[in-house]
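Shared chain: chain A. Partners: chain B in the first complex, chain C in the second.
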Partner chain A sequence: MTRLLVVDDEPEICDFLKSFFEDRDFDVQTALSGERALELVETFKPQVMLLDIKMGSVDGISVLRKVKEKNPKTKVIMVTALETTEKIEEAMRLGADNYITKPLSLEYLENDVREKIASLASKA
Partner chain B sequence: MTKSLVRLKRPERLLKMITRFLSRDLGLTHAAILVFNPEKSHYAVFDSRGVKKLPLSFLRFDAHHPLIRWFHSKDKETQMLRNYLSRERIQTALRHDSPAKRRPELRKDLEGLARILKDLRVEIAIPGHFKEVLVAILLVGEKLSRRLFTQTEIHFFQTLVHDMALAVKTTEHSREIKKLRQKEEETYYQIVKSLAQQIHAKDPYTFGHIQQVEQLGLLAAEELGLELDSKRKATLSAGLLLHDVGKIGIPDPILKKPASLDSDEWKVMRTHVEKGVKILEPLTDFKEAAEIVHAHHERWDGRGYPRGLKGEAIPIEARIVSVVDAFHAIVSTRCYRKGRPMDEAFEELRRCSDSQFDSRVVEAFIRVMKKNRKVI
Partner chain C sequence: MAPFIWILLTTAFITLLYQPVNQAYTWLFKHIFFPRRSHTLSALNRLTQELAQTSDLTELANLLVNTMGEVLRLKTVSLLVKEPQGEGYTVVSAWGWRVTDYRKIRFLPGSPLLELVKAAGPQILLREKMMKSLSWQEANQLTKDFDELHAACVIPLWVKSELVGSLNLLPLNSDQRLSEGDFRFFRDFAQTISPSVRNVFLIQQLKLANDELRDMQSQLLQSAKLTAIEQLASGIAHEIHNPLTIISGKAQVLLLQRDRKAFDEKVEEVLKTIVRETRRAADITKRLLMFSKTSASPHEKIRLENILEDTLSLIAYQTSLEGTEIQRLVAEDLPDFFGNVQELREVFFNLILNALQATGPGGKIQVGISFQKPDHVFVIQVADNGPGIPAENLARVFNPFFTTRPEGIGLGLFVIQQIVHRYGGSIRVESEPREGTLFVAQIPLAAPSPENASGISETAGLSEELFSKTKEGWS
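Our next item is the complex of A and B:
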């Protein structure tokens, strides 16, 4: 089972995406904060991570930086409500594997996650 | 209900209100409405978080999304399921002897749709069309009581979403009409300006002057407390810019004569008023501006031309034009004399108050000029 970590400061969005991916046989954990996300990166060791770029307390960008330092193999898809190109560019420069913008298309999201898993498998 | 929905200016708020009403008053887990956004060419979600707090507004549905495609299509055999979809109906269609048994692609579609409804935790999806176009889809969650929906309830949803589609479309249309009207107004103003430029190609007045006349006239109108909506403002602008449009028809030797005109020449010169009216009359948009042009040489005491109108019978806009125009004539340097200082012009205007000019307009104009000395 693929381990997926969803990081968003809105609990409803976390819950929604958790059950969406669990229905598709993913092993899903969620984090409402950057701190919790970093803990889970250590213990849960997600293969793919959906990371909100702008969360209340912690900046998604700094979480991304730490994840890529510690577990560079983790695929990180940034989720952003605003199309702030600078933030997106910064994230991509820091090693984010893709980004999607809210409002998001579930089909697109699912395809993207599956693509990332396929690329992990091909490297292994 | 339709009428009141259609009058709403911002359907977004209405749509949220409806979802709130549905989820709260009908005791649903949640309700959401997908609405086509033509600018972004996707369907955006307006939702109420309901008791179960299901957030759907962070989602979008592209035009090729199976749910959208399903309600776009007009397959006769599955008409029933295209009137509205429910998880229950899909299960029945998949279970019993139905077209889905014979058509594997249809089976696949229905299975996909069932999954989508499950993802969204939606019990029923009802499309709202307007003139064959899919405008909105109403998504309804479960009843908190877990009871099934009755036909009456479903019928109510259908009526509701039909009305919503109508409201959304009507708003779009009125927005488009508003844009067109704005454009029209701009074009109108451009025409006025280019006409004004034409006039002053012949006249020693420069175009810069005439634009000042326009500005000052508008300021005076405001000072007088006239209520200028955009239409009335445009009309007054046109009157200020075009009051001498008839001079196009005055022979150059008279128009440009550097000395005083004799009485025959004056007769010709005075015809510029009616010539101006004739130029503007055929243009429906300039009907009211033509009225101003017609009356801009009338005098407060009734001794003006061409009709000898008196006092309040002269449109207020024309009274403004006459004061501003006279002021400009006094302060401007012409080929036959030097312009005079502003204070002298004010004195002159006051001297002619109640005879040539409406004193109320003169005083308002002087107040404005003193406040805006930098303008000229």
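Our next item is the complex of A and C:
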């Protein structure tokens, strides 16, 4: 099973993403904060991460930076609401693998996640 | 005894009669022997008092030249005054020559007359005298200056070391010579009135500075108002975006559930509507944010004609509903434009929407894109055959929050202007009542800057998808 970590400070968003991907046989964990996300990166070792750019104390960009430092193999898809293109560019420079804008198209997101997994498998 | 009494009586007689006799003598002197001189002096005295109480430059100048002209029986008098901004001097008022002429008379530093006046200090300059001491060329130039002022005599007005202006006059008879007494009189007179002229000049300068400050203040207020709107828009957009994501996400979870037997067709239709409508709402919040966005966005190579087509298909539904005729006039050899897609879309969209709203059902709109090769400028024109913009509103159409539509927020044209200015271009409006309105935006072809050239385009995610979806839905 593919391990997927959903990071968003909005519990309802984590909730529907979890049920959507669990319905598709993913192993899903959620984190409501950047701190919790970094803990889970250590313990849960996700293969793919859905990471909200804008969060409270530790924002998506700094989580991304740490994840890519520690485990560059983890695929990170940034989730953005209305962030400026500069923010998105910064995330892409820091090694984000893609970004998707809210409101989410779950079909598009699923395809993208599967694509990332496929690229992981082909490299392995 | 007798002589003593006589002396006493005489002294008393003289003492008693001195005052009335003196008065009578003065009266006779004033009114019979030198009536003009006395009248002149009292009139000029009154004039200096009145000048000191005047705060308006034109009023002061008119009063001064008219009184002088009349009282001193001159052929011409004019008042040259330092301009409140800059180093030049302008004729503010004149007596004896046509009113329309003097408004244009200006002397800039370096003009022969002005330099001579400055060099001469408080001395009065006489045309005839000056000419004798100059070379033929210099005299020629100076003649022009004197001719412009219609004057033969220039009386400088100094306050300490500052030349505030000059009185320029021509006596009634050209051969009338000014006596030494006249010179003394004019020098004194100039000294008396110079402070009044300078005060009025300073007041004018203050007025201008005040106007400038007031303009600046209103600009600041407007930008503060705009910042508030921007913050509000961005806040609303963010706040609404998350709930929309949740509503749409949960509906999609149900809709895309693998075990689909759980609900019937009707539920599926409802869920699809929820997803579609939340996307529409999200699109509105994005648009709201776009209106408020002022930060620089990535630039890329774009084709303006494609942007025009995108925009037209976006409003195709509305135009077909209203039977609007849209004519495209796109030049064939347009070069690539380097800019931000969203911003250019905004320009076209707002201009065309504006025209659509102006014409109403059955209107005609022309949209033109051309390129001026010599200046490397793109020209975007949008014309409509609507009712036109009233002259009193024409200057305000680009002001933020100016709108004549009750449901409008008055940001459309303002945003366009901001965008066009950001590209170093300009936008103007021409309108004839009952004829229609024409907007002309001119945007220079800019060279791609290296930091922008590598900007990623927003093709992933939902934004592009949304745009095309809306397109499909409307066309």
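The rule we apply is simple: the second predicted complex is superposed on the first by the 123 of 124 C-alpha atoms of A that agree within 3 Å, B and C clash if a C-alpha of one lies under 4 Å from a C-alpha of the other, contacts with A are read in each partner's own complex, and residues count from 1 in each chain.
We take it that a contact is a pair of C-beta atoms (placed from the backbone, for glycine too) under 8 Å apart; a residue touches a chain by one contact, two chains touch by 3 or more.
What you see is a predicted model, and the numbers here were worked out from it, not measured in a lab.
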{"item": "Which superposed partner A:Glu42 touches (first chain B, second chain C, both, neither)", "value": "neither"}
{"item": "Greater chain A contact set [chain C / chain B]", "value": "C"}
{"item": "Touched partner set for A:Glu86, first chain B, second chain C, both or neither", "value": "second"}
{"item": "Touching partner for A:Ile13 - first (chain B), second (chain C), both, neither", "value": "both"}
{"item": "Partner chain in contact with A:Asp23 - chain B first, chain C second, else both or neither", "value": "both"}
{"item": "First (chain B), second (chain C), both or neither touched by A:Ser105", "value": "both"}
{"item": "On chain A, positions contacted by chain B and by chain C", "value": "10, 12-13, 16, 20, 23, 81, 102-108"}
{"item": "Residues of chain C touching chain A in the complex", "value": "234, 237-238, 241-242, 244-250, 252-253, 256-258, 278-279, 282, 285-286, 289, 293, 295, 297-298, 455-456, 458, 460-463, 465"}
{"item": "Residue ranges of chain B touching chain A (in the complex, touch as defined)", "value": "42, 44-45, 49, 53-55, 57-62, 65, 115, 118-119"}
{"item": "Complex contact set, residues of chain A against chain C", "value": "10, 12-13, 16-17, 19-20, 23-24, 54, 80-82, 84-86, 88-89, 92, 98-108"}
{"item": "Sites on chain A touched by chain B in the complex", "value": "10, 12-13, 16, 20, 23, 81, 102-108"}
